[in-house]
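In what follows, structures are represented as structure tokens.
In what comes next, chain A is part of two complexes: it sits with chain B in the first one and with chain C in the second one.
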Partner chain A sequence: MTYVFQFGIVFDQLPLLLEGALLTIRLAATAMVFGLAVAVMCAYLRTSGPKPVRVLVAAYVEGIRNTPFLVQLYIIYFSLPALGIRFEANQAAVVAMVVSFGAYATEIVRAGVQSVPVGQVEVGLALGLKRFQIYRLIVLFPALKAVFPALASQFILLLLGSSVVSAISANELTAVANSLQSTTFRAFEVYIVATVMYLTIAVAFRGFFAALYWIVFVRGRER
Partner chain B sequence: MRFFSVNDFLFILAATRWTILLSLLAFALGGLLGVLVAVLRIARFAPVRLAAAGYIQLFQGTPLLMQLFLIYYGLSLFGWRLDAWTAVTIAYTIYAAAFLGDIWRGCLQAIPKEQWEAGRALAIPYLPQLFLIILPQAIRIAIPPTVGFMVQLVKATAVASIIGFVELTRAGQLMTNATFQPMVVYPIVAGLYFALCWPLSVWSQRLETQMQVENASGRRK
Partner chain C sequence: MQVTVRHLAAACAALFAVAIGSQAADAQALDRILKDKKIRITAEVTSPPFGILDKDNKPTGSEVETARQLAKDLGVELELVQVTGPQRIPALLSDRADLAISSLSITTDRAKTVWFSSPHGALSIVIGGGKNVNIKSAADLAGKKIGMTRATLEEQVVPKVAPPGTNIVFFDEHSATQQALLSGQVDAIGGAAFLINELGKRNPDKGIETKFTVVTAFYGIAVKPGNFDLLQWVNTWVFVNKQNGVLAKIYKEHTGVDLVDLPNL
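After this line comes the complex of A and B, so read on.
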């Protein structure tokens, strides 16, 4: 059997797909910013918080890292309304992505914090800084620099993993592709175009992170 | 409406075997293909090396869900009627091979260059050098990250539920539809995944610490 590719019908709908791609980028970028904030906070609590807090953060990190993102998404979107917490599909997607990325990033940032020489912390103590000041002013910057590549790869995983939020009818790139294939019956072509878009976005973000690393960590503070 | 009963729990528990079976299949087949990818990725012949790098880039740079859709819908367009098991197994094999190939490439390259040179000095041909000298040493350092990837693979199988493949997550969805109790069902599903993944995570971490201790104590280089 021979199959004739018809991309024309897909390209007619390109604006829709691009809109979906834009939402994918927005979801991932939002999740990264808030997730990183969660991670920076949790990494501090995980290393220097009181014991019960440390255990709690560890439970959060291990709980998220050992369950699938899709199930976390279902819990947030389908289970939480039973407790009176309701989200729209797109909101639920962002919340799930923040919670998930936050856990992975916590573990990464913590590794970075532990890579900072103890001497630097002691200098802070000698200067009479408080623990959190030491973390914020001395430890955080070199820690983030050390783990930047790992954070960047984790973000790419987040970006690609975001395609499963189409399962709760958030209308990002995959969801747009799904609805297009059901109206055009050109599943293969639609998914190829969407896949190429994902690949392009992923490659673009890798470039962006390389540039960001150079601007913030190489040129920004030469010492 | 009916309440979530022991039978419902057993239904979900029984579906866990499909998650386990799919993970094992993907790991075994993906591992075989992954060895090939890793070996080709460090080949001396540049086009082969680039092709392997392209394969890794392509499948690590696109969503797993898209790969599933493309294989599920794509191959049937060319007249191959695939049942769900075959399609899903193919997709996860390709996916696992890209990640394992990349992990193992790193392990192969971590072996000092002198080991290759020693082999060459003894006039050992390329393939025996690779399989008798480099691989046995690389396998040691490859074990912790490989176990770590198994966790990722088990979690990734949840995505197969989206194309209707019945495994743990899909069973949870079916039970939710039957009982209308997502607050009970999905935490149970998450708990079962945790029970599968957590031991692997702990094992992987322990192997890694062990190796660091061995390296630090200088027993082996």
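After this line comes the complex of A and C, so read on.
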């Protein structure tokens, strides 16, 4: 074919792309921390909460898992202002990502919670611990250990899914790539570089999670 | 192992054939279109009045009707390739479309990547916003949040006139940009004058008006670089339909205003 690659144009704008990549990492990392907190709470409420709360959590989880992320994003950014709730683009992106990741992670953590043998819970009861204490002190750690790989995979999906938030003018990696593509018209080169960046970030996070797993669940137990 | 190598060889051969084939096709795009009896033209349907979906969800608008007329005059079937604004040029370069007829303004930057015909229409880029937003000239943009769509003319011209301190944010589609204005996420937006008028008409409660004109531009039909024969035919078509008034009629019908005198490229 006759296509001539011109990466020079793209590399001139590398600082912009790196800035976008940094925002992608920040969005995803923030969403992970808060999303995980949501998931740990919701998993508890879903397994041990009062009946109405269980139904409410189930509705949240199923509602989010069965609707497109982009639509959720539009509702938060375009529709909520009508109710007087206004988020900046990046805030709206984080909120949407927390809500979405929280729902998926709730199901993952719940699976972990239910994998903990009943005997351990009964030990807690015998020691006179409260329900939430049992959850916090006995159940949560082995539950998270059991589902850690699944949570890590879900986080990578969250990270890659963040590319969608360019639609509401959040200025992350895909948004920067789109803008660059539209001013330089070098779509091929721009998206190849963006792809390599996503790949690098995702692989780096996988390494980080492997290390985290070892530090928290392997070495932490040996002591 | 033997099977793998043989498969690989077959795949390579196939790839080579495709590469050779597409190269041959590029050289004589017009012949191929006439032989296939089909021309593929971009349709951007979120950019009224140039391209919109009608009540039956069918593409229409001045640019889509222009594409229909062109295909009819060429005597071939029309295949509309739906694109978003930023995909208009990539659709040509990746061979998904033969022509881009999607209010693509003629700029020197774009001409580095695609080849333009003589202009077949004109549009003004304006800043539009609600009545309560105080913008009278470019200087008033300072401190305001201005939305616009990526890969459009406004993306190229508005930042050049905007003073420092203007917060410009970019969306991927006109519909998202307009929604941002309607929901109050931005103070004003840059866009084609028609688009702002249409938005004001459809949402009378928002009091959306044109604040000032940034630039008036001409748009043309674009082809992939190298398609001399196709471009030559398109230029002839534009010339003929400028003379016989067909282009002016389509323009008036969809935009509600008269077409200005079009210069030649």
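Methods note: the second predicted complex is superposed on the first by the 221 of 223 C-alpha atoms of A that agree within 3 Å, B and C clash if a C-alpha of one lies under 4 Å from a C-alpha of the other, contacts with A are read in each partner's own complex, and residues count from 1 in each chain.
Everything below uses one rule, namely that contacts are C-beta pairs under 8 Å (C-beta built on N, C-alpha and C of every residue); 3 or more make two chains touch, one makes a residue touch a chain.
What you see is a predicted model, and the numbers here were worked out from it, not measured in a lab.
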Review point. Does chain B (first) or chain C (second) touch A:Leu14, or do both, or does neither?
Key: neither
Check your understanding: So, does A:Ala175 touch the first partner chain B, the second partner chain C, both, or neither?
Key -> second
Review point. Comparing chain C with chain B, which touches more residues belonging to chain A?
Key: B
Review point. A:Leu83 contacts which: chain B (first), chain C (second), both, neither?
Key: first
Exercise for review: Considering only touches as defined above, state whether A:Gly63 meets chain B (first), chain C (second), both or neither.
Suggested key: first
Check your understanding: Of the two partner chains, chain B (first) and chain C (second), which one does A:Ala167 touch, if any: first, second, both, or neither?
Key -> both
Exercise for review: Pick one for A:Val123: touches chain B only (first), chain C only (second), both, or neither.
Suggested key: neither
Practice item. For A:Ala37, decide between first (touching chain B), second (touching chain C), both and neither. Key: neither
Review point. Is A:Ala202 contacted by the first partner chain B, the second partner chain C, both or neither?
Key: first
Check your understanding: Does chain B (first) or chain C (second) touch A:Ala194, or do both, or does neither?
Key -> first
Check your understanding: For chain A, which residues lie in the overlap of the chain B contacts and the chain C contacts?
Key -> 1, 74, 78-79, 82, 166-167, 181, 187
Review point. Considering the complex alone, what residue numbers of chain A touch chain C?
Key: 1-2, 74, 77-79, 81-82, 86, 89, 166-169, 171, 175, 178-179, 181-183, 185, 187
**Study point:** In the complex with chain B, residue positions of chain A that touch it
**Key:** 1, 3, 62-63, 65-72, 74-75, 78-79, 82-83, 156, 160-164, 166-167, 174, 177, 181, 187-188, 191-192, 194-195, 198-199, 202-203
Check your understanding: Within the complex, which stretch of chain B touches chain A?
Key -> 58, 61-67, 69-70, 73-74, 77-79, 151, 155-159, 161-162, 169, 172-173, 176, 181-183, 185-187, 189-190, 193-194, 197-198, 201
Revision key, fill the gap. Interface with chain A, chain C side, in the complex: residues 19, 22-23, 26, 86, 89-90, 93-94, 109-110, 112-114, 147, 150-151, 155-156, 169-173, 176, 179-180, 183-185, 226
